[in-house]
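Pasting the structures in now, so scroll down.
First chain A sits with chain B, and in the next complex the same chain sits with chain C.
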Partner chain A sequence: MAEAHPVGFQWVMEARKRGAKVFHVDPRFTRTSASADVYLPIRAGTDIALLGGVINYILTNELDFREYVLAYTNAATIVSEDFVDAEDAEGLFSGFDPATGSYVQDSWQYAGHERDSGSGHTATARETAAGLRHESHGAPIAGQVERDETLQHPRCVYQILKRHFARYTPEMVQRVCGLPPEKFLELARAWTQNSGRERTGCLIYSVGWTQHSVGVQYIRTGAIIQLLLGNVGRPGGGVLALRGHASIQGSTDIPTLFNLLPGYLPMPHHAQHPTFDDWVNAIRHPGQKGFWGNARAYAASLLKAYWGEAATPDNDFCYGYLPRLTGDHGTYQQVLDMIDGKIRGYFLLGQNPAVGSAHGRAQRLGMANLEWLVVRDLFMIESATFWQRGPEVATGEIVPQECRTEVFFLPAASHVEKEGTFTQTQRLLQWREKAVDPPGDARSELWFFYHLGRRLREKLAGSPLPRDRALLDLAWDYPTHGPHDEPDAEAVLREINGYDIATGRPLAGFAEARDDGTTAVGCWIYAGVYADGVNQAARRRPGGEQDWVAAEWGWAWPANRRMLYNRASADPQGRPWSDRKRYVWWDESAGRWTGHDVPDFEVTKAPSYRPPPGASGPAALAGDDPFVMQADGKGWLYAPSGVLDGPLPTHYEPAESPVRNPLYGQQGNPTRKTYRHPVNSVNPSPPQEHSQVFPYVFTVSRLTEHHTAGGMSRTVAPLAELQPEMFVEVSPELATLAGLNHLGWAHLVSARAVIEAKVLVTDRLVPLRVDGRVIHQLWLPYHFGFEGLVTGDSANDLFGITLDPNVLIQESKIGTCDVRPGRRPTGAALGELVDDYRRRAGVTPGAVPPAVTPGVPIGPPGSGGDGEGNG
Partner chain B sequence: MVDAQGRPGGPATPAAPPPGDPAAGAGWVDAPPRMGFFTDTSVCIGCKACEVACKEWNGVPTSGLDLLGMSYDNTGALTANSWRHVAFVEQPRPAGHRGGSEPTEAPASGATEFLGMPAAGPPGRTGTAEGRSDFRWLMMSDVCKHCTQAGCLDVCPTGALFRTEFGTVVVQEDICNGCGYCVSACPYGVIDRRVDDGRVWKCTLCYDRIGAGLTPACAQACPTESIQYGPLDELRERAAARVATLHERGTPEARLYGHDPHDGVGGDGAFFLLLDEPEVYGLPPDPQVTTRDLPKMWQRAGVAALAMAAGAVVAFLGGRR
Partner chain C sequence: MGLRDVLLGWPVYRQLTGADPLGRGAAAQSARSAALTPRTEAADRVARSVCPYCAVGCGQRVFVSGNQVTQIEGDPDSPISRGRLCPKGSASKSLVTSPLRQTTVRYRRPYGTEWEDLDLDTALDMIADRILAARAETWEDVDAEGRPLNRTLGISSLGGATLDNEENYLIKKLFTAMGALQIENQARI
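Then we have the complex of A and B:
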């Protein structure tokens, strides 16, 4: 965190000044470790084993916050008798379908709901990264669930959880992660002792946790701990993602993703959502508990914002104009499609995949096989010049004179040269003023898209073709100002907020959205950011002039609520858990919820409220169901659906690992997304043969001095000089073993690429012994490329393409490699070296290791059975 | 506090300045309180924001694109082109340094342990991988000390170096003639000549900013308040309290450096909280103002000259005989 988020880290230092104890778990000793009280070096890719160990510690010693767990989580809920846990089946849960490499989730459901809840077969959900939409709400559950309030039922979630993690002992943590048991116990004790009525703990993660083939399950494991300890919905608690750039949260809320529309409405699928009603009902699940019952109003109002007067109830608000998903259109599938000539054009906006994405060579070869490529950036980055100066030019794979891609480089305005909002990890929108005019031809994104749309519409004006109607019917009428006709960013914010069409009055909140075509809302969760016609995101009342929640600084979605699920900050009867942790509580005399924040609960629903039989929507949530966006109102220790690779997190080895999974016969995540393409190769892992050809583990991350792919730091002298060369960090032991010299050259080889770097020998890396084997880990910064003031080979070139099944994030925090002293070969010899490694490792380009490890029994899909399958 | 309007036009007749008040000593009347830096290395996270902010605000040119291999330090030293310098010291933690609460770990019966292989190669560490999780990485943002008795100022023949009303020491680049006397006069090796223009450059404690009531760029950019700016008296109190707190919390190695008005330079305007001996960070353990012995030297030179003259007279008189 100190390395990549130094400004946010000031609060950790502040806590430490007040006596907080800081633990840091990382494969290498970083600037964060330097500021921590306890540093724990871990084998990269084993965090589920570590966190699972903490869960086991909590359950074995009964340290969970029992009152919270019983009332607010699904600990007491009974699970179907069809369910077979991975513990009892060598690492596979019941319902695995080997034909698609995905699960049928029926057997994971709550008892009695095997047929009416969940997603059923999840193959399509994986192709479309459907898990992403759960950023705002849980998966559906029909009707009422069976519970055992004593937590003794063998199939209640609490007992299942206990059995699932029973083998994650301190000794197992040591075997898998390489952490000494006493260090592990120190961590587990500190975490549990600082949670409960009087204290809360907060979990902060970043892409070191997400960019794995089991990335979502890493976060799930952390969330389970936080729920067990009562650290969700309470001040000082939570599970928070540190974002890698300004407004990454904003870019999922109003998405730059292929599978989502604003406010986490799913992009319609051509087969599943042929009509507007099909689409809306797939979101709101008629009859279900919770707050998604109004999805029709959000959907209709969004289409109304897109197509204005053309969108009417009679034509389903132009639903037919929306593009449809046909499968996986994620960034990696697209790149492979580019290589195969299936994609003609590409827009790159503030992104530098030639350096920043996994498998750099595939990225560059893909971009070299387009008709046109538009790059908008502050500087001339690698993704704009790969055809001329990229490493493939040196190897002859790209010939500048023959490269068919026409690249249009358009200079972009930086964040200080345009106005707009940033949305950060707390969902807080903060308005930015423009400080200076952008130089020369540099323009804002808003300017670019507005005028691109305007020109396209002018070119198409009068077209009789039905396919052009979607563009021509758009409501594209933003006011502009200044010499370059810059669109008014506040006008866009007003449309995002939503307004009453007849009067133009901005909506006060999403409850005012209508499904009859009388409101237009660009992003329903942002409704209220322009309430009363005031830019609420621009509020800057100083902290000293308001209470500690600071509700008048910026604006948080939804409804300016600073903490989600804050009903959980009071006990089931509505009283604060403790005076120290007061936040939101039930005021009996006033008959309403009150407190420091906007209550995340129906404000007059008493804690004693119980839903009448057959209730649905919000009315079906009881007065002590704080997780109002979950179908059962509970925090999910066990996820009967929504997560595609298992209802509980399970330790799988990374797609590339030198180690056999110590816990299960199943080596890696059986549902991980792989791509059979000649450009993509995967290094062998046990029990495959020849894994020793790539004996070392490498991991990559950021340096404080640089930003992501380097486009904004390697181009700026005061930053570039602070870390001026690509380097690799190795332990003194590995340096001796591999013959590497401090400040000398080394080259690293994977089945995809060979890159070179200067060697930094440092005690900050420590070899670990895992199951009797020495594991050496290397670390590389991923900032370097061939443009800018300082240049170097790109670490991401070493990675192949293997993705998490839930959200299609790539595994780019761990891979295996070999390391050799000296510079890498150049020209044709470079390819020959990689070929030689592939030959020795038995890697056939395009071949993918089996999803299910040979020897692991596979039960029949669609039902649980007894775990003895046909495998 | 700092009244920018109240600055005198220049040094006036001094009226017996209080000790340790260099501005008054330089002739400033009604000078504002002496301002300085307290750099608390115990909360430094090595982000180098201070280096960048200093370069941006002061327009300091690049100091070169060299990978130095000195941990994460690619700046190397305070120079004419680096007025803040973050040092990184990778240090195996001496045994028992934490107050003995750590269990001395014997490899547990399980299969995993830190390896006890012989260490090898640079940076030349000895010892084993065992206990390397107790390794220490010290970071410290160094800067011009703005000495109470500033050797650079004493030797400057042109008046380019001067004492400001805030008690800081600043070079006026339009007066400096590049003679370089000050370079050898600095006991810390801070002040330095720029190769391409020959003049000397160093930290001004952002004279232009503090005169306008602003915080110096480095302190403003520091995310963890490792660099604190303020009236020196206040900073010294704060620093003493911080050391006491660290001692209470089991960091007996915390100590101040440059805070003592009785040290060889009369105390620094920019002083530090360190977690090890000054030498570990590349700081002189007992800095002395280089002009300390000048009066004595002149005295001796005078005596020698007199003796020589007397000898010459004697020889002359003797010769006449």
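Then we have the complex of A and C:
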């Protein structure tokens, strides 16, 4: 955090000054470690084992915050007797379907609800990264459940959790993670001692956590700990994601992602959502508790925002215009399709996949096989010049005279040359004022897409073709200003907020969205950002003039709420858990919730409210159900649906690991997404043979002075000067073993690539003793490429393509490699070296190791049918 | 200048005898540095902005003279950053004023070996034509069972996460209307 989010880290330092104890878990000693109380060097890829150890410590010693756990989580809920835990089946849960590499979730359900919504096959959910939809709401689950308030029932969630993690002992943590038991216990003790009624503990991760084949389950494990300790929805608690880019949160909320529409509405699927009603019901699950009951209003209002007058209740608001998914259309599938010649044109909008995406060679070969490529950026980046200066030109794999891709480079406007909002990592929208005009031909994306759309519509005017109706009927009428006819960003923000169509009045919040065509809302979760016709994101009341919540700086979704699920900061009766930790509470005399923040609860619903039988939607949530976006109002220790690789996190080894899984017969995540394509090879891992050909673990992360693929930092003189060279950090022990010299050269080899780097021998990395062996880890920054003021080989070239099954994010925080002294070969010899490694490792390009480790028994998947998984 | 003036003007003398024993202020000042004023003072206007790098979202004040950014500093009013910027945020002025920035359209024709110039309006028109051609060649109306698909898989897009919300909104809206669904973002990566 001190390295990659330095200014955010000031708050950790403030907390430490006030007595907070800071633990830092990282494979590499960084500035964060230097400022922490305790540093835990961990084997990369083993976080579930470490955190699972903490869960086991909590449950074995009964250190959970029992009152919170009983009232606010699903600990007491009884699970189906059909459920078989991974503990009892070598690492596979019940319901695994080897044909699709995914689970049938029927047996994971609560008792009596095995065939209810939420059950069923998850193959489609896996193909379409359906897990991403849960960023704004939980997965569906049945209404009435069996509970055991004593937590003694053998099939209640509490007992299942206890058995599941029973083997995650301090000794096992040592065997898997390479951490000494004393250090582990110091962490577990401090975490539990600093949680409860009077105190809260906070878990912070950087989104490298998501770049694993079990990334979602990493975060789930952290969330289970925080729920057990009562650290969710309370001040000083939480699971905080440190996202990596100025508006990456905004890019998910108003997604430019294949499987989502704004506000986490799913892109329709051809088989599951042929009609508007199918689509809406798949989102709202009729009869379901919670706030998704209003999904029809959000969906209809989005389509009204898209197609304006053409969208009417009679034509289902032009639902028929939406393109349909048939499977995985993610960025990695696309790149393989480019190599196979299936894609004509590609837009890159401030993105540099030639350096920033996993398997750089696949990225560059894909781009070299397009008809046309449009690159919009501030600088001439590698993804624009791969055909001229890329590493494949040096090896002869790309010959400019034979490369057909037509490339348009269009200069972009910088952040000070346009106005608009970024959404930062706490869901806070902040408006930027424009300072100057962009230079020359540089334009904003707003300009480019508005005018591109205008021109497409002009060219199609009068077209009789049905496929052109969606473009011709599009509501595409934005006011413009200035010499270049720049569209008015505030007008777009107003449409995102939503408005009443008859009067034009901006909506005050999403509760005002209607399903009858009288409102248009571009992104329902952002409704309120333009309340009263005022740009709330532009509010800048100085922090010094506000309380510590600073509610008048910018605007946070939803409803300017700064902390989600903050009803949990009060006890079931609505009283603060303690005076120190008061945040939101029930004011009996006023008959409403009040406090420091906007309450995340219906503001006049009393803690004593109990839903009438048969209630659905928000009315079905009791006055003490704080998790209002969850289908049962509870925090989920156990996820009966919505997480595709298991209801509980389970330690699997990374897709490439030198270590045999010490906990289960199953080696890796059985549901991880792999691609059989000749360009993609996977290094062998035990129990496969020849894993010793790639004996070392490498991991990558950021330097303070650079930014992702380097397009905004290797091009900037002061930053380039501060970090001028690609390098690899190795421990003194590994340097001796591999014959590497400090400040000399080394090259690293995987089944995909060989790259070179300067050697930095440092005790920031330590060899770890794991299951009786010594494991060496190397660390690399991933910022370098062949353009800019400072250049170097790209670390991402070393990675292959293996994805997390929930969100289709690649495993690019860990791989295996070999390291050798000296510079890498060039020209044809480079390919020969990689070929030789592949031959020795028995790697056939395009072949991937079996999803289920040989010898692990697979039970019957269960009935399943074609249920829609987590909907 | 007499010897006395030289002595009195000598920074060490001033440091030892004046009110600045550490030599960090008045004692270290020369006639030239005494006459300097901060760029921020001469600015015509100040825009309130946000750092374009990581997701902490530090506040920035962008100082402008004419149509030139002359300085970017942390915004002390921000309750998030309290005026601080890290090395990247502090380098924002160098980012936006970098001489390496491309300011004209560049074009590489198929099988070309060099970049060429191209007019922005022509480029936009050529891109629009290519989109329409790709749609026409790869359009899918319905699946094998006659259910609607309404799409093209011939077009892809990958966006960075320094795009504004308003930009992402228009990008998704336009691509969706043209039937292009292979739209992705750094958020997947």
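What we mean here is this: the second predicted complex is superposed on the first by the 861 of 871 C-alpha atoms of A that agree within 3 Å, B and C clash if a C-alpha of one lies under 4 Å from a C-alpha of the other, contacts with A are read in each partner's own complex, and residues count from 1 in each chain.
One rule holds in what follows: a contact is a pair of C-beta atoms (placed from the backbone, for glycine too) under 8 Å apart; a residue touches a chain by one contact, two chains touch by 3 or more.
Just so it is clear, the structure is predicted and the values come from calculations on it, not from any experiment.
Trainee: Record, for the superposition on chain A, whether partners chain B and chain C clash or fit.
Mentor: clash
Trainee: Return first, second, both or neither, reflecting whether A:Ala442 touches chain B, chain C, both chains, or no partner chain.
Mentor: So A:Ala442 only meets chain C here.
Trainee: Check the residue A:Ser731 against both partner chains and state whether it touches chain B (first), chain C (second), both, or neither.
Mentor: Once the two structures are laid over each other on A, A:Ser731 reaches chain B alone.
Trainee: Counting residues of chain A in contact, which comes out ahead: chain B or chain C?
Mentor: The larger set of chain A residues in touch belongs to C.
Trainee: Counting only touches as set out at the top, which of chain B and chain C does A:Leu722 meet: first, second, both, neither?
Mentor: Both partners, chain B and chain C.
Trainee: Looking at the overlay, what does A:Asp340 touch: chain B (first), chain C (second), both, or neither?
Mentor: neither
Trainee: Applying the touch criterion given at the start, work out whether A:Glu588 contacts chain B, chain C, both or neither, answering first, second, both or neither.
Mentor: In the superposition, A:Glu588 contacts neither chain B nor chain C.
Trainee: By the touch definition at the top of the document, which applies to A:Asp485: first (chain B), second (chain C), both, or neither?
Mentor: neither
Trainee: Let me test your reading of the model: by the given contact rule, A:Arg175 touches which partner, first (chain B), second (chain C), both or neither?
Mentor: A:Arg175 sits against chain B, while chain C stays out of touch.
Trainee: I'd like to know which partner A:Asp516 touches here: chain B for first, chain C for second, both or neither.
Mentor: Neither: A:Asp516 stays clear of chain B and chain C.
Trainee: Given the touch rule stated above, what does A:Ser35 touch, chain B (first), chain C (second), both, or neither?
Mentor: In the superposed model, A:Ser35 contacts chain B only, not chain C.
Trainee: Would you find which stretch of chain B runs into chain C in the superposed arrangement, from 20-28, 128-136 or 290-298?
Mentor: 20-28
Trainee: In the superposed view, which residues of chain A touch chain B and also chain C?
Mentor: 6-7, 10, 704-705, 717-719, 722, 789
Trainee: Which residues, counting only chain A, touch chain B once they are in their complex?
Mentor: Residue list for chain A touching chain B: 2, 6-7, 9-10, 13, 16-17, 19, 29, 31-35, 38-41, 171, 174-175, 177-183, 703-705, 717-725, 727, 731-733, 735-736, 740-743, 758, 760-764, 766-772, 774, 789-790.
Trainee: Report the residues of chain B in contact with chain A in the complex, numbered from low to high.
Mentor: Per the stated touch rule, the residues are 43, 45-49, 51-52, 55-56, 62-67, 69, 71-72, 74-75, 90, 92, 103, 105, 108, 110-115, 117-123, 125, 129, 132-139, 223-225, 249.
Trainee: Given the complex with chain A, which residues does chain C contribute to the contact?
Mentor: Touch residues, chain C against chain A: 45, 47-59, 62, 64, 67-69, 72, 76-82, 84-92, 94-96, 98, 100-113, 115, 118, 120, 123-135, 137-139, 141, 143, 147-189.
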